[in-house]
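Look at the two complexes coming up: chain A is in both, with chain B in one and chain C in the other.
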Partner chain A sequence: MTPMVPPTGPALFSVEGMVGMVFLVAVAMTLTGGLIASNAERLVRAVAGLIICFVGVAGLYFFLNSPFVAMMQILIYVGAVAVTIAFAIMLAAPEQANKPGSTGPLVGPFGFAAAALLSGALTVLVIRTDWPVREKITTGSVREIGIQLLTNHAMVFELVSIVLLIAILGALVIARGGREG
Partner chain B sequence: MSLTLLNVIAAVVIAVGFAALNAAYLVWAERRGAARIQRRPGPNINGPLGLLQPPLDGIKLMAKQLTIPGGADRALFIAAPVLAMFPAIMSFVTIPFSETIVARNMNVGVLMIFAFAAMGSMSLLFAGWSSRNKYAMMSSIRAVSQAVAYEIPMLITTITVVMISGSMDLMEIVRQQSGSILHWNIFPIFGNSHNLLMPFSFLIFFTCTLAETNRAPFDLGEAESELVAGFHTEYGSMGFGLFFMGEYANIVIGACLTTILFLGGWNCPFGLFPGVWWFLLKIYLLIATFIWIRWTFPRTTIYGLLNLSWKILIPLSLFNLLFTAGLLKVF
Partner chain C sequence: MSSALTLYNSLPTYLTVGALLFGLGVYGIVSRRTLIGMLIAAELILAGASLNFMAFNRFTAPDPVTGQVFALFIMAIAAAEAAIGLSIVIALYRQYKSIDAEDAVHLKG
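Up next, the complex of A and B:
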């Protein structure tokens, strides 16, 4: 496979060229991971695709100069969320059910048209929008992120805690109910 | 090729070589240690003291056929052993062995090691699921629930150390423990910790390291008497070899992290012969303790294991965190 380095760009066998390659690898991982996650027949493979996608996104965060967010992405999404999903699938459906055939009015050309319309509209929107660089909140350091979270964005922070608390309570209620019955 | 690119390649080769050599020779050390504790010779035929055993084992494993059981998920079956080894090698990139010997120091080094350690549990899950073997499956469910349970107290204890240091940079954490042996984080009162509970945090962290690396007495995932061999039951040849190497590489990383967070990293106790060998001495002493514990204690039960984490270690480490935060506010 020939690398997609523009002719005016840095040589492939220089540090910049390698960095560019790593960036392309991150993009490719995100895209292929997403495709596997949505197209895989076996659910566990879909989880594997999701993990590839998460790692690719972490790579993109790293290139956006926030290694902290990149590491948190891997720690939380791969280490916790993906493991939880995989656990749920393995405990609930050990043998894979057959893939359901095409049902419903939206499967087929209509679904394809709707998806094409939506993605086309989003692409146009992304290209036409003038993205203003409003403020660079942090330099990416943990300290800055912490200060911002507990001052300017404290409301969001607290709301997220409430959501998590509700989730924990819900899990406890479900687990207790199962134990008695 | 420019010099910097050569540096990058050299760093990668050294990191992979260090991980692989350590993994190979720790297997030898483990077998010799087990033999000594069980009063038998152990591998001592090939080479002096049996030192040629690891390369010969490697050749034997590579010469074997890699069989894939029918009904297995081929892609995941092959990917799982690779996933076991790759995060371990990645973590070596950010571990500082001395003031100058570090591949790439990051200001979120602690997080990076934990992030890649978390990826390791995915490999266990995939190995167990893709084998289509109920023992492998049960083993991987056990091993992952254990890894998830012990990750929590380990992370909370790490946060207490990070709070004291005020940095997630591994080099900075070590630098703050320099000067005297009493400045090491494991010792209370002196140094910058001012925390009576530090030896206690060290114990929690050490226990969690044992459990995270699937070592006895917490090796429930590899209980031979119940589960044939564990999640790698269906693996032969180098697939099995990679799981083994990944496990030992993780042990080295656990020892490195314990040394950096609590035992002063490369700092020498009384200003004697400063250098990287102090770091190596500390990690190999810790690893020797791992081996010693593995062959001395019997295996616990899965309920005992999970209860220890959820009912004892997590509340204790949370209390420790609050106490440390309070002390930091006072002093």
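Up next, the complex of A and C:
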């Protein structure tokens, strides 16, 4: 819109620049949250990092033209999964002293090297590949998601609901077993 | 248009973030000692996979509905996995009074 756009990209305080800044904030939240979730000493902090990471991922979904999935991400992951993990920590994880020694061979530098190798190789692959761009045949709106969910993917939709039902019942049975009264 | 402020409009950005999330998850799984920590890291891996699906959905797929539907299914499966995993952790805790993965080696039989 602005005629004074420098050739390197949008200015920081134009609309596009602010959008880009918000995107960078979302990426930073995702990566920081992931770092906290995988490295924090105490599990409660790891869950807090997981929540930050999920909010950042929801922001990325928003940038990917999917506000519906972004909303579901916050509802399901932040609202349900992270809270469930927090409850499990409260029920099952006293502040136990970290037992020193007897760590496996993968802990420490080897685990870090494996993870760094994996993500580094994937990143190189991503950057070197020439991804094709195809034309869209639909707009991907919420209305179309609903229609496809109940026509093309109706079978999977029903199966997922059965899986969720069985998972909830199974979780109740497993967690209740061995408890008196 | 190669400024850092236009990164949101390119596929490799999202795929790189997804790869980094995957790497963080792998590192968490191999380095954590507690079962709940491993579950948290597994959630990171699922988030990375889901982000990849959504990125391809936005940039290369002809029908931008499919990836969103797939991401919704991944969310449902992740919720089921978290519920089952955490109930197993609680059952183990009741038996062994610990959520350290090494204390559960008796389950080998």
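Here, the second predicted complex is superposed on the first by the 139 of 181 C-alpha atoms of A that agree within 3 Å, B and C clash if a C-alpha of one lies under 4 Å from a C-alpha of the other, contacts with A are read in each partner's own complex, and residues count from 1 in each chain.
Note that in this section a residue touches a chain if its C-beta (ideal position, glycine included) is under 8 Å from a C-beta of that chain, and two chains touch if they have at least 3 such contacts.
Please read all numbers here as calculations on a predicted model, not as lab measurements.
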Partner chain in contact with A:R45 - chain B first, chain C second, else both or neither: first
Touched partner set for A:A80, first chain B, second chain C, both or neither: both
First, second, both or neither for A:F68, with chain B first and chain C second: both
Touched partner set for A:M90, first chain B, second chain C, both or neither: first
Most chain A residues touched (candidates chain B, chain C): C
Touching partner for A:L122 - first (chain B), second (chain C), both, neither: second
Overlap of chain C and chain B interfaces on chain A (superposed complexes): 68, 72, 80, 87, 91
Chain A-facing residues of chain B, complex: 1-2, 4-5, 8, 73, 75-76, 79, 106-108, 111-112, 114-119, 121-122, 125-126, 129-130, 137, 141, 144-145, 148, 151, 168
Chain A-facing residues of chain C, complex: 1-8, 11-17, 19-28, 30-34, 36-37, 39-41, 43-44, 47, 50-51, 54-55, 57-66, 68-69, 71-73, 75-84, 86-91, 93-95, 98-100, 102
Of chain A, residues touching chain B in the complex: 13-15, 18, 42, 44-45, 48, 51, 67-68, 71-72, 74-75, 78-80, 82-83, 86-87, 90-91, 94, 141-142
Sites on chain A touched by chain C in the complex: 8-10, 12, 16-17, 19-21, 23-24, 27, 30-31, 34-35, 37-39, 43, 46-47, 50, 53-54, 57, 60-61, 63-66, 68-69, 72-73, 76-77, 80-81, 84-85, 87-89, 91-93, 96, 98-99, 102-104, 106-108, 110-112, 114-116, 118-120, 122-123, 126-127, 131-140, 144-145, 148-149, 153, 156, 160, 163-164, 167-168, 170-172, 174-175, 177-179
